[in-house]
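Next come two complexes, and both contain chain A; in the first it sits with chain B, in the second with chain C.
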Partner chain A sequence: MKASTWTWILCLALGACGGEETQPVAADPPTAESTDPKPADEPLPLKADANGGGFRLELIPSPHPIPLNRDFSLRFRLLDNEGQPLAEPLKHMALDADMPEHGHGMKIAPVLEEKDGWIHASPLLFHMPGLWEIYVDRTQGHVTERAQLSFKVY
Partner chain B sequence: MRRTLLCWLCLVLGLLWVFSDKKPETPVAPVPVTALEDPWPLDLLRHLGPLPPLPADPTNSVADNPAAAHYGQWLFFDKRLSGDGEISCATCHDPEHGFADTRPIALGKALGERHAPTVIGAAYQRWLGWGGRADSLWMQALGPMENEVEMAGDRQEIAHLVRSDPLLRQAHEEVYGEVPKDVDTLFAQLGKAIAAYERLLIQKDSPFDLWVRSILDLPGGDPTALNEEQQRGLRIFLGPGRCTLCHLGPTLSDLEFHNNQLPTHPDGPRDDAGRYQGARLVQESPFNAAGPYSDAPEGEAAERVRALVQSSESYGEFRTPTLRNLARRAPYGHQGQFPDLGSVLRFYNTLEDQDLRSHHQEQLLQPLRLDNAALGALKAFLLALEGRDLPGHLVHAPVAPIRD
Partner chain C sequence: MPSKLENRVARITLLLKLLLGAARTLVNPRPEGTIGTVKQPRPQPTRLRLWLTLLLGIPLAIPALGQDGEATHLGAWLHTISDLRGPVALDYTEGGALWVVEADGNRISLFGPSGKPSRQLESSGPWLNPRGVAVDTRLYVSDPAYRRVLGIAVEAWHEADTVVQGPSGLCEPGALDAKDGRLVIADPLGGRVVLFQGSKRLELGVGLLGEPTGVCLDDEGGTWVSDAARARVEHFDPDGNHVGGFGDYGAFRGLLAAPSGIAWWNHRVFVADRDNHRISVHTEGGDLLYTVGLHALRPREGKGLLHYPSAIAVSADGTRLAVAEPLDGRVQVFSRAMGAEPTVDPLRRVTPQASAHYGPAIRASGQWMLLVEPETHSVLLHDTRRDEAPIELTSFGRRGSALGRWIQPEGIWLDLEQRTAWVSDPTAGILDQVLLRIDPQAPLNQHLGAAAWVRRVNLRALKRDLGGVSVFHDPRPTAICRREGKTYVIDRANRCVLVIDETQTCVKVLGAGVLLKPIDLCFDPKGILWISDAWQGRILGFDPNSGKSRGSRGAGALQSPDGICCDQEGRIFVSDRAANRVLRFSSLGAVDLSIGKEGLGPEGLLGPRGLSIGKDGNISVVDHGNHRCMVFTTEGEFVRAFGSKLHVRPAMQPKIYDEWGNKR
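Right, the complex of A and B next:
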């Protein structure tokens, strides 16, 4: 039997012999479940709720639909449950994008700037065709929430 | 308690899987080759061709200046730019071999670490060099001049040469006005002139370009430009060959970087940081698009280089090469590890000799397992990406650095 097989058995056995269940932490980590990609004719702004329900993301790519392998930019805002923009939206906020099927993200990190009630992010580049996800994470205390949008880029 | 039960269940299922004779095989090449009469995926084809006009380079104010191109052509072949007067750009970027190198690993003043890629069509690239150490043609042209294993020159001596050689000085003044006192400015100007020449090294109107024009109802098309085998190869390229994952865009490259676990050439280093190092080099250089020698330090290219990330993901990644004009520029790969096209295709077909190193690697890579007929068709298509020959006057040194 290969060493990898023994590793499997060992890992399973160790997992099975675990002790008491650990208590859930104060905040669940953001999930990375894929959402349905937004159709190209989805009206703007595109919207997504954070996984904890703490904020809503409204996002406008430019150009729209997002082009393959060409620089583009985003403007987006984070709204509370009353539809009001969150205060200090850039504080403890992160933007990222990833190809979940490929296991990699972008090669660049966009610059974020708050202007006219929106956060402007530029440049972004989706260099490969396929499913891309944009993540907006916001951390308050021990809780990080994620709003995400999926895009098919061709 | 529930968790413990779940774990025991996992253990039992795991053991059943381990001792089972019927393990699922990794699915490969799930996309069938479409028949010749099937409709073509026009949206995909539009990404591949025909070759569009060259993108502008606002970082280089003389990018499309004919006098600069002529001066740059002289400089490209001028061995006096090297430390010992024996090496020019054309030494490794040989016009006889598609402006690439016949050696797997480039040999300048000393043996390098990578293969010298083609300059033909380089003006379409977003990043230059296998690791993307430059963000413009002109920045790329400066690197080898002072690299100790390439031309091993010195910008002070090169500046002295330009100031003291009457013809060089006259050519420089024709393009830029007065020769600048600042050595770095003068050095950057030399790179920009070489870039202006390199922007002329474009082989247009390949059989694929002519054929795709007809398919897309564009003027100048020729539906017979690809024969049946080449069309079958194109369908494999678009389908089960999975080539367009990276080779997508008018140069048949995504212009970005991947770690495809290529085998190491015996003369090349096994450990090469690739893009990880290139990203740092281009960001740190004063000659990048955002730097003081750029003619558009607030432009799109400058914004991109500022946003570049030196991520551990990029360790060992190399730029996706263009697939245009392959015929005359063997060997292939960032270390020239593949002596011919057949060996490149065999590698991707079997992943034999794949060098599995640490760090992030391309997850989508899997053996294609195409048969010989399919590989032959794929090769036939790739060779149909050969554009028309360059005009004769561009493939050798001009008579003088200034035009008649």
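Right, the complex of A and C next:
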């Protein structure tokens, strides 16, 4: 086969790999039973109990559904088990996201800001399609607890 | 774009090169152990010098770096000093003799320039378990069991005097170096380095260093430190100020995975990178000059191939490089060779990689089994429901400091009913609780990303008065055991067991002042907590409520007890890392069975670590040095092995594969 034919095939293959199609996203609080994300029309705010049950998480991504390979932001707040917002200092909170099936996270680190009783995080970027998890960690004294939400990004 | 003709010429040239290389290998195989000898500008003089060195022991026959305008490197394998018992430290004398610390033999041995033994200081001496050695006007030996460093006049070594004493000074002194009246001591568990210069005492790297495992002094008064936890090399000036460093975590050339030992010679920094199985040679600015050694993939490979190199020394004239490999019980000595750096053996690159090691810990609960995989900094969950090798369901964790990552996971615990795992990281001082979102009844399948972190307990943020007992050092949590809602975790730095309740509060401390090097722990059916102590060479029992001693077992029988577990009949199984076997103690306390011996066959073990009894009643042993797990019945009969294929074959198919993993 001629070299030029191989070049065309390579170009076509590379073209097929590109693209930044945005698809619906779903979210799901983790349980011991399942990590299957719920449909994209999950009402906002998305809610999850901390994995240890110590607090509750409410989270609103923007835009919703979360786009693939485009910056997005979110805001979240923590509630106690009676549903009352927790006045938690920002320095005791951390937010991160991971692709648990791939063993890596985001390529950028979001900045957290407190405003109107919510904590705003931006920028975030889900650069690969697949299952993503957003983690919110709350530290009290010598103990850090985690709440998390799962998202399937296409 | 190259033309057809150019492509053909390139292909033919490549083919000819390969054929020529193969022919050279057949006609004149490379000298054993040299890491590549393909590119040598003047092979004859080099070979002559090698023979002169071997026959006459004249290191001067080999040019030092930069002399007479020739580019040379340290990296040609010269000889191996074998049959050592856990060599963990070494240092050259001015005359080119080599002192080697054999931790498992509790002795320090002196070898001549040709590798012949010439003197041995035995364990009945003043130390309990020597760890580091340095030669200056005296011989300095670190004795971590007593948290001290001894100064020894070799001719009167029974009269050693204590140079430095803990516990407020040192947590656990390890590597040493001494030069021109200066003495520098690495304190890996204390996370610092202590420098003595006359009457002056300086603490280096406090708050910076994670786990300084190697230390050396340069000719200008500076101190170099290898930090295995941070994968970094740090440089301090003569006043103890941090002036720079280099290194980042990784496997590629120029990166470091676990820099364990360090040496300095002629503005070159030599780093023993334990987990990358090689020696990296850097400029003082951190630029990589070359690497020495490739990973020994086949069992017991050597002659220049390395397996967990842990300590390193360069002779005063720069013609010898000695590398200690504790797991293989040997020291390999390298000499100078022509060329600026070793060339890589092209045939070696196509050899398949060995699987990671397992260990130290293993825990079973029901059909599930949890294992630590140290090189990937992760924990593996297996299912043992089949009567065959277990199936890996998921792995979780990776290297890092955030929640969900570890610097080095070590202790583990598993509870199938709660679908929960506990993992400790001694370097970070933390204890993690992880939810495993897997249905144990579901068909066997991979469950990627099934772990969800529940919480992390930072033991270093606890108050210093733990359970009413004062502690001096930052806790280093290792082995974990749980009973009645409480977590029992060994704190290696403070040599005790911390008891943590459901509110994550330390409510009690057990064994403080009694334990020296607690390794693992388990409960027997009567509720007695048994703890293996490597430096005392026995296991000790405690009442978990009162903290009172309930006796000990194994004194005289155990050399370096490691993993421990107990069956329903109250029989206790203890792995002896130094003796390469597992001992069974009857419920009355007598040794009634010995399982395993050094080797790779169906009975073979090398540095066995954790133990666990599974649902089928069989005992699984982490055969750490052999990259595998061995499963025996409680009567000591071999059942199966799993792990690295190269290392499993000799056990599973001994009629087909020999002790080296080769076909018979």
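Here, the second predicted complex is superposed on the first by the 117 of 154 C-alpha atoms of A that agree within 3 Å, B and C clash if a C-alpha of one lies under 4 Å from a C-alpha of the other, contacts with A are read in each partner's own complex, and residues count from 1 in each chain.
Criterion: a contact is a pair of C-beta atoms (placed from the backbone, for glycine too) under 8 Å apart; a residue touches a chain by one contact, two chains touch by 3 or more.
This is a predicted model, so every value here is computed, not measured.
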item	value
Touching partner for A:P67 - first (chain B), second (chain C), both, neither	neither
First (chain B), second (chain C), both or neither touched by A:G103	both
Contacts of A:P85 with chain B and chain C, given as first, second, both or neither	neither
Which superposed partner A:G141 touches (first chain B, second chain C, both, neither)	second
Partner chain in contact with A:P45 - chain B first, chain C second, else both or neither	neither
First (chain B), second (chain C), both or neither touched by A:V111	first
Overlap of chain C and chain B interfaces on chain A (superposed complexes)	101, 103
Chain B contact footprint on chain A (complex, rising order)	1, 5, 8-9, 12-13, 15-18, 21, 68-69, 71, 101-111, 122-123, 125, 127-129, 154
Chain B residues within the chain A interface of the complex	1-4, 7-8, 10-11, 14-15, 18, 43-44, 47, 244-246, 248-249, 254-257, 300, 303-304, 306-309, 311, 313-314, 360, 362-364
Contacting residues of chain C [partner chain A, same complex]	1, 398, 402-404, 419, 433, 435, 437, 439, 448-462, 504
Sites on chain A touched by chain C in the complex	3, 30-35, 51-52, 54, 94, 96, 98-101, 103, 131, 133, 135, 137, 141-146, 148
